[in-house]
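Each of the two complexes below includes subunit A, the first together with subunit B, the second together with subunit C.
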Partner chain A sequence: MQSEVFAHVNPSPDAGTGQGSLAGKRVGVQSLFSVRGWPCTGGSKALDGFQPLEDATVVRLLKEAGAVFMGNTHVSELGLGIAEDTSAQAVAEGQVDVALMLDTLGEARTAAARAGLYGFKPGWGRISRFGLMGLAPSMECIALLAAAPEDLSRVYAAIAHVDERDPSMVEAQSPSIPEGGAPPRKVRRAGFNPELVARLTPGEQKAFSRAMLQLEQAGLTPVEVSLPDWDLFAPTHQVITAVEASSSCGKYDGVRFGHRASGAKNWNEMYLQTRKEAFGLLLKTFLFQGAYFQFENYQAFEDACRVRGRLIRMSEQLFADLEVLALPTLQDGRDATAVRDIASLYQAFTLTLTANVTGQPAVTIPGCLRTNGHQDIGLQLMGPQGSETALLALAQQISVQTEEVA
Partner chain B sequence: MTPTMQAVIGLEIHVQLDCATKLFCSCPNRPGDDPNRNTCPTCLWLPGNLPRFSMEALEKATLACLALNCQVQQESAFDQKVYYYPDLPKGYQLSQFHRPLARHGWLDIVREDGTPQRVRIHKIHMEEDVARLVHEKEGRTTVSLVDFNRAGTPLVEIVTEPDLHSPADAMEFLRLLRMHLRHAHCSSCSMEQGTMRVDANISVRPLGSDELNAKVEIKNMNSIRHVGDAIAHETTRQETAVRTGEPIVTHTRLWDPDARITTPMRGKFAGPCVPDPSVPPIVISEEWLKERIRCLPEMPGIKTERFINSHGLTREEALQMSSEREIGHYFEAVLAQQAPPRLAAQWIATQLLPLLKERGEFPERISPEPARFAGLLRMLDQEEINANAAREVLRQLLDSTASAADIVAEGGYRQISGTDELESLVARVIAEHPTAADSFRQGTAKAMGFLMGKAMQASGGKANPRLLKELMERTLTR
Partner chain C sequence: MPDINRSSCGDLRSTHVGREVRLAGWVDALRDHGDVQFIHLRDRSGVVQVVFSPEVSPAGACELSRSLKNEFCVEIRGTVATRAQGTENPHIETGTIELMARELTILSRAATLPFPVSEKAMVADGGHKRAETVAEDLRLQYRYLDLRRPAMQDNLGRRYRIIKTARDYLDEQGFIEVETPMLTKSTPEGARDYLVPSRHFPRKFYALPQSPQLFKQLLMVAGFERYFQVVRCFRDEDLRPNRQPEFTQLDLEASFLDETSIRDLTEEMVWRMFRVGGIELPRPFPLMTYQTAMDGYGTDRPDLRFGLQCIEATDIFQHTGYSIFKQILQRGGSIKGINVRGQSEQLSKNVLQNEYAKEIVPSFGAKGMTWMRVMDGDLDSNIVQFFSDQEKQAIIERFDARGGDVLLLIADPSYDTVVSALGQLRLHLGHRLGLISPASFCPVWVTDFPLFTATEEGVTSSHHPFTAPDRHDFDPTDDQGLLRLRSRAYDLVVNGEELGGGSIRIHDKELQLKVFRALGLADDDIDNKFGFFLQALDYGAPPHGGLALGLDRVVAMVLGTTSIREVTAFPKNRSAFCPLTQAPADVSQEQLRELDLLGMAAAGTVPGMEEDQKPIDTLSWVARIGLRDEERPVVNEAVEEAVQLAGLMQRAAGNEEPVFTPVTLNNRMRPPEPARICPFAENGEMYRNAPSVKGDFFKVAGVLDQ
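Up next, the complex of A and B:
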């Protein structure tokens, strides 16, 4: 059964035994997550009729923690962008407490900011990707959306476990739920980049200054930082992600599952016809780009990988002195739900894809960057590798402050 | 005619590793089972699955690299070799292209003309095998069937430098390579069963030049002999082409073993190789590598020299005893039971192994127990039995648990070495065959063979041949 929010509605959501750290929490996952026995169409004809044989690791962990599965949310084709995504709607309408999304460009943070919700993307390799219909293995990460920051912490603690079925995971200790946000004893700096702030409207700039004051109240010292290579993040992301997506989509050939074109004269024609019919225009354009860099301009791909390495090292140096980098989530006038082509897709996610390129954790906090009569553009805080727990604690602390102000 | 052209040959050898599981999942590594029996969501590459690299495959692959004197790289990584074909469920093959497991290896061969040569190995990398395709007709429609049992089974690809120059040298290199890999217990290396596949890259150039011309790849040889035949054929074809001014274009040809010719197949694959983001780079620690080196058995070349130097074997005997690890083990176990080394080597090579092969027992196992075989060899050495009797006793050793001494006693195989008994035997035979005796006395040496045969027959095959011959000669020349 389908609904406006769910591609598959769980007909009998099990209220659970009332045990486990997430007992009774209602969750939804995109139809990119394997749930045993449920259709998993990933918003694509390429996955027509596909039913996973077992649960994704993250789904299993949620079930074990007592979460109640409400359904599979609608998703843009294979998770590229948020034009068709209903995760944020599911949370905003109160149909679920927490929604889980695949975040490749910043989809979860962007959808959260647009809906006035909290969005959290952990660092790369913190949550198992086993059972995900992924597109770009080195960029993507499971991210969370919720109305209450403590829900993010709870769910994150339940699912951030090292999984031998995902060999790319960072070998790290499972996080604990933060204890009331006691700050670690050191000089805590919150960086901001004046050039990025200068791109905001005057109203947004004022809001940003107020947000920095809030961070000061939370015990962080604002410092100006320079980001000379900022404009390299988007093209680097685009070249690498297109190539990875092109490879990832090789399995959608109509041989073993999914849609298969009929009437082809031989297998080669069957492949071509199947893929022509299975993919939508936006994804197809993206796959064309990936194939171009693989077959025609491999040098550009190698360059992108090298630049990415440099951006990661630069970021490591920057964050050696920073607790967070503060920036907006959304850019005014760039509607991520109205994306029609790859260029506008990348414009809509310019401020979030940075964390995907470097694999760092980031959280978006509602209510701080809202100007009268304008949309909330979501305060985004990026933290260094391994700072997930501290970031969530900070988000909680700021949420309390924001409530007090309101 | 003096040759004016030289063949330049490089080999690419795919070897299926002897592992329990596939390279990226835990499916059994048994491609020959009923179609699509050994498959799982990972090797079928259903969405959501991630490859998990097999440590056993890394161990076996590393042993292969060490056995071929390669430098194992501290860090290596998998790439995606992208092409679309129904034998590849994900549209790319995982293979180490940019960063192989090992580089700079070598094997020393003895060339056709008897001179030694070091053949360099450029690199060894790991990769997964692809599925098997079967093309059939259902009525009038052609159907392509896919068997995924082989998809994802672990391989290493060994790439040599273009150091070889004749079919015989290439065959010698392959035999030596196979011997080394079997020794290391990495692979069964059977070309007939497809666990070793060889592609040859061939070009020709004027003798004395060091240029590298356009090369042609040949595939589809299913024995080492076919590799030699195909190289010989392709070399001649190219030499003729050069003489008639026909250009040689880089491409792939198939060897047709029945027609004994090569036929063009396709342009050489030139798809992209993109670093794979899902399999983490393989980092090898010094400690782990040391442990693999410790596990590496003595290689055949070194073993051959040791057998010559410490057991006094001839080179040929030593080569036979070191050709396979199991034979070497058995030989040394027999020596440990005080058998004379050369006699043991000769009897293992010329008597025991042929007998075991005839009975279909080798190479699965080598029997009898070393102690019982050594007992037989000691009796032979001390002339308690002769070679005829020893062959019979050996057959019985294989079918019983009795010792050689017991079988000899029970069967009355002990040879006749008593002078009195042998003297009367000789006298009787000479008396019975005066013509033969006369012709020997008049210088017809081969009459001795006749008389010896008769005497041996008369003894029931038990006479000590050395003593018998001495007595016969002494009696006739008296």
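Up next, the complex of A and C:
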């Protein structure tokens, strides 16, 4: 059964035994997550009629922790963008307490900010992606949306476990960063970039100053930071993600699952026709870009990976001195749900995709960057590798402050 | 001249014990027992074990033997000795003896092998090694190593014997072998020609022969009376798994012989060729008319190794009340069937209805299949309730139905569909029910083919336009009359495979012209293409006929190989590509210029050299993603954007190492565990999501064109 919010509604959500850390928590996952026996069509004809044979690791962990599965939400084709996504709606309407989303460009943070919710993207490789219909293995991770920040912490704690079925997981913390985040520094700093702030409307700039004040109250000294090469994040993300998507989508050939074009005379024609019919235009144009880098200009992909290395090192240096980097989540009034082509897709996610390129954790907090008569553009805090717990604690602290102010 | 100084590895026996011999060959396998080294030395005669032991071999030889690797080419001197009791090797002919080495010379070293060559185990319980699991393209790329394998050596050796047998027999019969040109003019065999550009006649092309048809007929006009040739032929046809762009025919032609004599002569020759492989073909080869073959077996290549003949049932249902049959018969259709004798246990209702009626038979082109199981003198089926008692009784009698039989009927408005589907169903059942004995061989001559086949525009030759018709008094403009003509052609079919075919030819110019006109060729077209040949018929052409045998197929059948590539030294792969030489390949601009082909391209007259494909079409092909017309402008723009991005990345990138994941991952090894079958494959769940499944397989379109 379908609904406006759910691609599949769980007909009998089991309240469970009432045990486990998430007992009674109502969760929803995108229809990109494998749930045994549920349709998992990922918003794509390529997965037409597909029903996973086993649960994704993250689904298993949630079930074991006692979470109640309400259904899987509608999703843009294979999770690219949020034009069709209903995860945020599910949380905002109170149908679930926590929604799980794939975050490749910043989909979860963007959807959360638009709906006035908390959105949390952990660092890369913290949550198993086994059983996910993913698109860009080196960019994406599972992210969480909730109305209450403590829900984010509880769910994250239940699902951030090393899974031997996902070979891309970060097993040990890098030696300089112990579990639980960076060691307390004498002076804790929150960075902000004046050039990014200057791009905001006067009202938003005022709101941003207030947000920095809140961070100061939370014990973080605001410092100006410069972000050289900031403009390279989006094109680097685009080249790498296009290639990874082109490669990941190789499996959608209509042989073992999904849509198959009828009447093909031979193997090649079967592939061509099947994949012609399987992919929507937005994803297809992206796959063609990927195919161009993959088959005709592999050098461009390698170059992008070199630039990515430089951006990651730059970020590491930056965060050696910072607790968080503060920036908005939404880009000056771009409507991420109205995206119809790849260029506007990337424009809509400019401020969030940075954390996907570097693989850092980031959280978006509602209510801080709201100006009268305008949309909340969501305060985004990026933290260094391994700072998930610290970031979530900070988000909770700020939420309390915001409530007090309100 | 035997090499008096060198012995053959495979010939050594216990009678040679004590003799000093010199061997040369390749290291087939090695076994290191510390002080003692064992090797298998292989030459084309076979394998023998050589021992390097400090007790008998000089220290230098022992030392050197340690550096040996597989497929080193070596020379060894030593003494033949009896093996110690219990160390004999039953896998090799020389298993009771071994050579105690005294001298070792490495003639040539071998690099690391792309796949194992050795087929013989070194120890008694080692079993037989097989190389079939090696990817075929890898085998073809290193064909010279693949051919070192005894199995391949044996295949080519026996191929030679089979061809020599045919040559010797034809020589006995007074045939002489005459070579005909490879650079020739296109002849109408029906396939595409391989073309060879001429430098002396710019922009003109030779064609490689699809068969020496016209030349052999000209040799008959020239009075040779009996000609044959082992000849390479070339056809640029659509790819099929067991087809090669070049193949070898045994081509023969004789004057003053009728079809019976030519068939008898061929029968004797083919019988001798099969005997080389130890196969005794039953003689005489029976004759079967084309019509009988189509009626009874649904094909002009009947496999006579098993029964299941097709039985006519149209008349039984002339007045039927069963609406499906009634409608088909009203449209002039036919109903035919097969009695699968005594197989009702193997063919359950479920198999018949869900596999055969719903899946298998529709894939043969028929819309459906009707099945009946015979139980206690009555018919059991989901449709038998629609048949009258009279009809049921007639079915039982016509099909000689007895308890345990399964009757399968196919009805269709088109007779061709009925027989073709039934013929394929018959083969499917023959294989599935194990009715075909792999050791039996059933040759048959198929005769009385229709001379012409109907096409949309008129008629075309069933064989080729030089085949003689059974009558001369036909009207070349009456298509219906033409389709009733029979030809004097004959095909040799063994086990359902066409091994060769031939015919009595037209030797009368007027008749030949009439056939050309029946085919719709205009007079100047005839003159242009066949003028030289028609002119030859003006000069006392004798009556003649002949036959061509597909040698690759014959050899493959005699040797029981899976493919003709196993009996061809340097075949192309299934894509008509040669992984060894990488042919076909680019040629230099200079070569093209000399041939004046560059100019032709500019003039737009060379096919395949039209304007470059658009980039998105190339991408669409390599990524196997088809494009709808309305998508093309957007995708085009996106690819142009990608080109811009590539430029941006190139300018931005420095010399740093590329990073593929945001966090460097440790190499992780999966803990060792025994190989196991995925439980979802075992319980069949894996197939649940598949769009099309056949048994335990995902069903897909054929790799090659149907």
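Just so we're on the same page, the second predicted complex is superposed on the first by the 392 of 406 C-alpha atoms of A that agree within 3 Å, B and C clash if a C-alpha of one lies under 4 Å from a C-alpha of the other, contacts with A are read in each partner's own complex, and residues count from 1 in each chain.
Simple rule for what comes next: contacts are C-beta pairs under 8 Å (C-beta built on N, C-alpha and C of every residue); 3 or more make two chains touch, one makes a residue touch a chain.
Keep in mind it's a predicted model, so treat the numbers as computed, not measured.
Visitor: Is the arrangement of subunit B and subunit C around the shared subunit A a clash or a fit after superposition?
Guide: clash
Visitor: Please indicate which partner A:Leu213 is in contact with in the superposed arrangement: first for subunit B, second for subunit C, both, or neither.
Guide: neither
Visitor: Scan A:Val170 for contacts with subunit B and subunit C and give back first, second, both or neither.
Guide: second
Visitor: State whether A:Gln273 touches subunit B only (first), subunit C only (second), both chains, or neither.
Guide: Touch status of A:Gln273: second partner only.
Visitor: One more residue to check, A:Phe257. First (subunit B), second (subunit C), both or neither?
Guide: A:Phe257: touches subunit B and subunit C.
Visitor: Report for A:Ala56: first if it touches subunit B alone, second if subunit C alone, otherwise both or neither.
Guide: After superposition on chain A, A:Ala56 lies in contact with subunit B alone.
Visitor: Which partner, subunit B or subunit C, is in contact with more residues of subunit A?
Guide: After superposing on chain A, more of subunit A is contacted by C.
Visitor: Which holds for A:Arg129: it touches subunit B only (first), subunit C only (second), both, or neither?
Guide: first
Visitor: Touching A:Val223, do we find subunit B (first), subunit C (second), both, or neither?
Guide: In the superposed model, A:Val223 contacts neither subunit B nor subunit C.
Visitor: Is A:Leu287 touching anything from subunit B or subunit C once the two structures are fitted on A? First, second, both or neither.
Guide: second
Visitor: I'd like to know which partner A:Val243 touches here: subunit B for first, subunit C for second, both or neither.
Guide: Touch status of A:Val243: first partner only.
Visitor: With both structures aligned on chain A, tell me which stretch of subunit B collides with subunit C: 63-71, 153-161 or 351-359.
Guide: That would be 351-359, the only stretch with clashing C-alpha atoms.
Visitor: Do subunit B and subunit C land on any of the same subunit A residues, and which?
Guide: In subunit A, positions 50, 53, 138, 164, 167-168, 253, 255-257, 266-267, 271, 294-295, 305 sit in both the subunit B and subunit C interfaces.
Visitor: In their complex, what parts of subunit B are in touch with subunit A?
Guide: It comes out as residues 41, 44-53, 80, 82, 84, 86, 88-92, 142, 144, 146, 271-272, 274-280.
Visitor: Touching subunit B in the complex: which residues of subunit A?
Guide: 34, 40, 42, 47, 50, 52-54, 56, 129-134, 136-138, 164-168, 243-244, 247, 249-251, 253, 255-257, 266-267, 271, 294-295, 298, 301, 305
Visitor: Using the touch definition up top, name the residues of subunit C that touch subunit A in the complex.
Guide: Residues 615-616, 618-628, 631, 634-635, 637-639, 641-643, 645-646, 648-650, 652-663, 665-666, 668, 670, 680, 685-686, 688-692, 698, 700-706.
Visitor: Touching residues of subunit A toward subunit C in the complex: what are they?
Guide: Residue positions touching the partner: 49-51, 53, 123-125, 138, 164, 167-168, 170-172, 174, 229, 232, 235-236, 238-239, 242, 246, 253-260, 264-273, 275-277, 279, 281, 284-297, 299-300, 302-310, 312, 341-343, 357-360, 385.
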